[in-house]
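Structures follow.
One chain, chain A, appears in both complexes that follow, with chain B as partner in the first and chain C in the second.
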Partner chain A sequence: MVDFLIKIAVIALYTTIAMLVGILFMGIGRKIVARVHNRVGPPVYQGFIDIAKLLTKKTNISHGWIYDLALLFSLTGIILTILFLPIGGVKLLGTEGDAFLVLYLLAIPALGFALGAGASGNPNAAIGVMRALVMMLSYELPFVITMIALMIYYDTSSIAQIVELQRARWAIMIPPFMLAAAVADMALQGMLMEAPFDIPTAPHEIASGPMAEFGGKHLGSLMLYKAGTIVAYTTLFVDLFLGGGVVMHDGSILSYIVNFAVWFLLILLIFTLSLLINASFPRFRIEQAFKFYWKYEALLAFISLIWVYLMVIS
Partner chain B sequence: MLELIFTALLVASFVTLFVKNGRVAAVISLIASLLPVAAIIDWGNEFGLKIFSFGLEKSMDFPIAGITMHFSVTALAWFFGVMIFFLIPPIMLFSYSFFEKNRGFFPFMLFLITAVFGILLASDFLTLFFFWELMAASSFILVYMGRDRKAIISYLSFSVLSAVLILTGIALIYSQNGTLLFSNVAFSADEVTVSAIILMIAGFAVKSALMPLHAWAPFVYSKADEPFVAFLSGGLSKMGYYGMFLMLFALPGAKILQQYFDSTVATYILALIGAISAFIGTLLAFMEDDLRKLLAYSSIAQLGYIAVGFGIGSSLAITGALFQAFNHAFFKSVLFLAAGAVAYRTGKWKISELGGVAYKMPFTFMAALFSIFALAAIPITSGFAAKWLLYEAAVSNKYIFITPIMLIASVGAFLYSFRILYGVFLGENRHDDIKEAPLPMVAGMFLLVMPLIIFLIFPGYMLDMMHSALVNAGIGTVSHTNYVISTGMASYNTIAVVVGMMIAMIPAFLIYVLRKHRNIDFKDNFLAGEPYEIYGHISMHAANNFYKPIEDVLMPYLRRGATSFYMALYNAMGRVSKTVRRIYTGLSQDYAIYVAVFLLIIMGWLIW
Partner chain C sequence: MRYEEWNKISRIASRKSLWMLHFCTGCGAVELPPVMTSRYDMERFGMGPMATPRQADVLLITGYLTVKTLKRVVNVYEQMQSPKYVISFGSCPINGGMYWDSYNTVKRLDRYLPVDVYVGGCMPRPEGVMNAFLELMKLIDEGKARGWEKYQKYYEQYKRNQKMAFGFERGKNEGD
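On to the complex of A and B.
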């Protein structure tokens, strides 16, 4: 029982920290993009201000229980996903599921969000969801191929196990996975909805798409969801290719802190990379994005998969 | 006592033929459809589902017209029985409200159930074929009642194709063995047996709508009565996979194929066909505007996964395939029934004409939502465990082509799921004058959703149920407890997911509860309080050509499909027949000339 409570406490601590990191990253992101655009930009803690404001609003408007599902599903789903991802080598529930489970858990918030957007009745929201789903279909193909390459190489589908097996050498140092990581990083660009793949939320075209009608606590929780996705996707990438940021293995208190710090730096690095691409590119059209992922990205991913396959069977 | 069940079903079928009132016929059918369920529960004592027992026999020989029909229940048949017969009472409950008058649905449905019962119990090929044809005939009449020429012709021709393939296979097996009993048939790796196996699998694949033998499904699914289509997609399509399992694993077909080709190429092709079915079916599904056709393509896609599992052939894969078959039986029935309930209230099938139904029919929406979770394999229902097993199997066998195709097809399922959710149930409220579907319909749908939730938390029960079928076939089972499935590569703990979800829900729930909100009609919001009527000419529902951007990219590649091939074949046959018909001019002197020419040829041949 005590073990169970300790586990719950650790889970609560890590998810809280992860969410806070996500909110901080939203502020850092706006700052970085502003600096690239030669603007001053908002302070780095702007994300906290925004979310606090939205969650404490007195007037909240709902359009029925299906609309509220967006709030419940999106936040629940993203926190649940974070529970299944090893953070800095700490496996919260990481041994209870695997990479496929994480892929499908990531669909829970997206679907909840889509339901709420659909129930808001705004046609722009529906178009935004359509674009988001088409983007999902696009970037998932190269991403799952790289993931399968990792699974075949390490002969496991558990993310915790993959992190464990990268002790000696991070996956990105193995030649085929350099290619795979490059592909997965572009898929990450789509997952994070950063330019040139910010098609679903394109503010100038479809009035921010899915969130067009959200406000107050609903929008606040969707911003929390957005913060969560930044952490979840970058952590997924770091876990798969960069050894989860684990550099010390002795299990001391210090190792936890060091691993956490390395994890933080790595996801910040990945996120900054994504932001720099975001700041320098205009937006694709949806069919261009689709072709980009299914033609070039998928081909490169497949080359890395075949490469790995040949390495494994020989 | 077994013959009593057959007799009772046939008598009920005969009685309902003369009952004009749909309600009475539905009640009779409901009671009759509980008989096979009772039989399944009784046999469950041996195969892992202990509820009650009244001592039904497990095998029966029935001599008729000089031959003996052999019946016996195997673990495999029992598992498929659980999958199929538990569907029928809820469907009958649904039909109670769906059919005002008895126009022939009930008698032929009962006849169909009898045939399915016979197929599952058959323990020789002749009995199997006999009941297979009874099934084809009665389902054909049910299709015929849809009165759609394309549906009737395509179903008839593909049923005949299936029958010919299966009968040829049986004949070849008989010529090799001299016996038709499953227990006596001994397969050997020669050309005749191998071609028999391949022919029979192709014959069964017609029923399970595997590409490229799927062309009948979209026409039939979109034109027949909904309760029947629910059973056709949920139940009957599994009969094809029952036959495949029988040929490949219960009889050692897979091993023979492997010996003959000296590799796993034949079963690999089956898996590849399944994966391509899943992929193409998904792409076709999200471009479809007719709700029933969308569900038909989705059926083709979801059934493809089962073929992948059978093709891979490891214990993981087959467990996943059977689990997927079970899930599909339930969630696809619910979706078709929900489509039927929506059409019952609105009279519309086109997604672009529907919209906002969920606000008036919340319970139908909830049932449909849960089955969509299962369809999209989201881990809120048991749909995920099945697909997970299949992915694990494919990755652990290092299938580098099949795994990505399967995964991306499953992502595509989100796309058409949302098309259903948004296009039909959400968005602009276009139907202010409808109300919730009648209670029996809603009850039927919720009964069918229940297994999806039970097996989410306890997938181990499902694995226990198929345990003896797999062991009898010599496949071996996946190690599991009630809620943890472990494979060589990873494990999946359902309790961790459920408990984790409860913990993860706390912040969202607190935000939801602590900040009060008020409900406002969405029209007030984005029209800024202006009267809705002045915007009456603007459609607020973005459901027409929903996936247009991606359609533009993909359509050029999909235009040359199997369906267009069959249509070309159909048209060519028509032209040939027209040419042939010119011989029959209707003038007696022409016929006299034909006879004379024929006689001359005969004479010439004799003299020569």
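On to the complex of A and C.
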């Protein structure tokens, strides 16, 4: 019973920290993009102010109960995804075979988002949702192939175990996974909806797409969801290729703190890389993005998969 | 008392993160790119452009309004979520400016929408625009930017004026 309560407390703590880190990253991201544009940019805590403002709005227009509940659906989905990923080497809900589970869970929040946007009834939102789903279909193929390569190499389908087996050296230091990591990083770009793959939420073409009708508290929860996705996707990348940021293994209090700090720095690094790409490229049209992922990225991912397979059988 | 404190937090948050929707009529829209980009950089104050009225807090009326565009502006304003603010650019929304004797231009915007801050000039320079934003932030902080409450309170009068301008009712000629 006490163990159970402690587990719940730890899960609540990690969820809170992950969401706070995500909101902080939104501010850091705007600051980095501003510096690339040679501007001063907002303060790094801007994300907190924005969310506080949206949640304290006096009027909140609803477009029916699906619109209200879909946001909770996507927020819950993203929190569940975070809980299945080892953060700083700490396994919260991970079990055997959770790599497949995470692949499914990653689709749930996006579908919830699509449901809410569809319920709002705006034609721009419908176009945006269609593009977001095509984008999801595009980036998942190369990403799944890289994940299969990892599963074959480490002979496990548990993310926690993949992190554990990277103790000696990180996956990114093994030649075929350098290629796979490059592919996965571009897939991450699509997951985070940063340029050149930000056509689903393009503000100029389709009036920010799925978000077109969101305002007030609804937009506030959507921003919380966005903060969650930043942490979830970057953590997934760090867990798969950078050893989850685990550098100390002795299980002391200090090792938890150090691992957590390293995890934070690594996801910040990955996020910064993604933002620098975002700040320097224009956006692809949806069919160009689709072609990019299925033609070039999938090919590279497949090469890395065959390479890994040959390494394993030899 | 607690409601007042909550309002204060809400005011601080909304002062530091004003998302704007620029309704680009007239010539004021051209003053906004320098304000947004690296020369003046309004994002320092947490301001930024937004794509739709639902997401925005500040409506910028950048120049003169014809009666036809006024209909759209009223639609856009009513779609925004409270608390919402209006900034009007240039002398046209104040007294008609150079369109003072035009038959289809709205002379006083204040009769149709509650304006919180006016920026004078024809057109105001980006410095003036920045100054207006800072003034709006000050007013919000002091709790004086109450245009949206005024619109709710005097909704009948505003609607009557708007209908008169649109010509739904026979009445006094618009704009005197």
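Going forward, the second predicted complex is superposed on the first by the 312 of 314 C-alpha atoms of A that agree within 3 Å, B and C clash if a C-alpha of one lies under 4 Å from a C-alpha of the other, contacts with A are read in each partner's own complex, and residues count from 1 in each chain.
Assume a residue touches a chain if its C-beta (ideal position, glycine included) is under 8 Å from a C-beta of that chain, and two chains touch if they have at least 3 such contacts.
Only a predicted model underlies this, so the values are computations on that prediction, with no experimental measurement involved.
Once the two complexes are overlaid on the shared chain, A:61 sits against chain B and chain C alike.
By the touch criterion defined above, A:175 lies against neither chain B nor chain C after alignment on the C-alpha atoms of chain A.
By the document's definition of touching, of the two partners only chain B reaches A:119; chain C does not. With both structures placed on the common chain, the touch criterion links A:53 to chain C but leaves chain B unconnected.
Within the superposed three-chain model, A:216 lies in touch with chain B and with chain C [touch as defined at top].
Once the two complexes are laid over each other on the shared chain, residue contacts for A:208 go to chain C alone; chain B is not touched.
More residues of chain A are touched by B (comparison of chain B with chain C). Once chain A of one complex is fitted onto chain A of the other, the partner contacts of A:157 are limited to chain B, with no touch recorded for chain C.
Chain A uses residues 56-57, 60-61, 212-213, 216 to touch chain B in one structure and chain C in the other. Those residues of chain C that touch chain A in the shared complex are 6, 9-10, 13-14, 16-17, 37-38, 41, 43-46, 49-55, 57, 80-83.
For chain B in complex with chain A, the residues that touch the partner chain are 356, 358-359, 362, 365, 373, 376-380, 384, 387-388, 391-392, 395-396, 398, 400, 403-404, 407-408, 411-412, 414-415, 417-418, 421-422, 425-429, 489-493, 496-497, 500-501, 503-505, 507-509, 511-512, 515-523, 525-526, 539-543, 546-547, 549-550, 552-553. Contact residues of chain A toward chain B in the complex are 8, 11-12, 15, 55-57, 60-68, 71-77, 79-80, 83-84, 93, 95-101, 103-105, 107-108, 110-111, 114-115, 118-123, 126-127, 129-131, 133-134, 136-137, 140-141, 144-145, 148, 151-152, 155-158, 161, 212-213, 216-217, 220-221, 224, 285-287, 290-291, 302, 305-306, 309, 312-313.
Chain A makes touch with chain C in their complex at residues 30, 34, 37-43, 46, 49-50, 52-53, 56-61, 203-204, 207-208, 211-216, 219.
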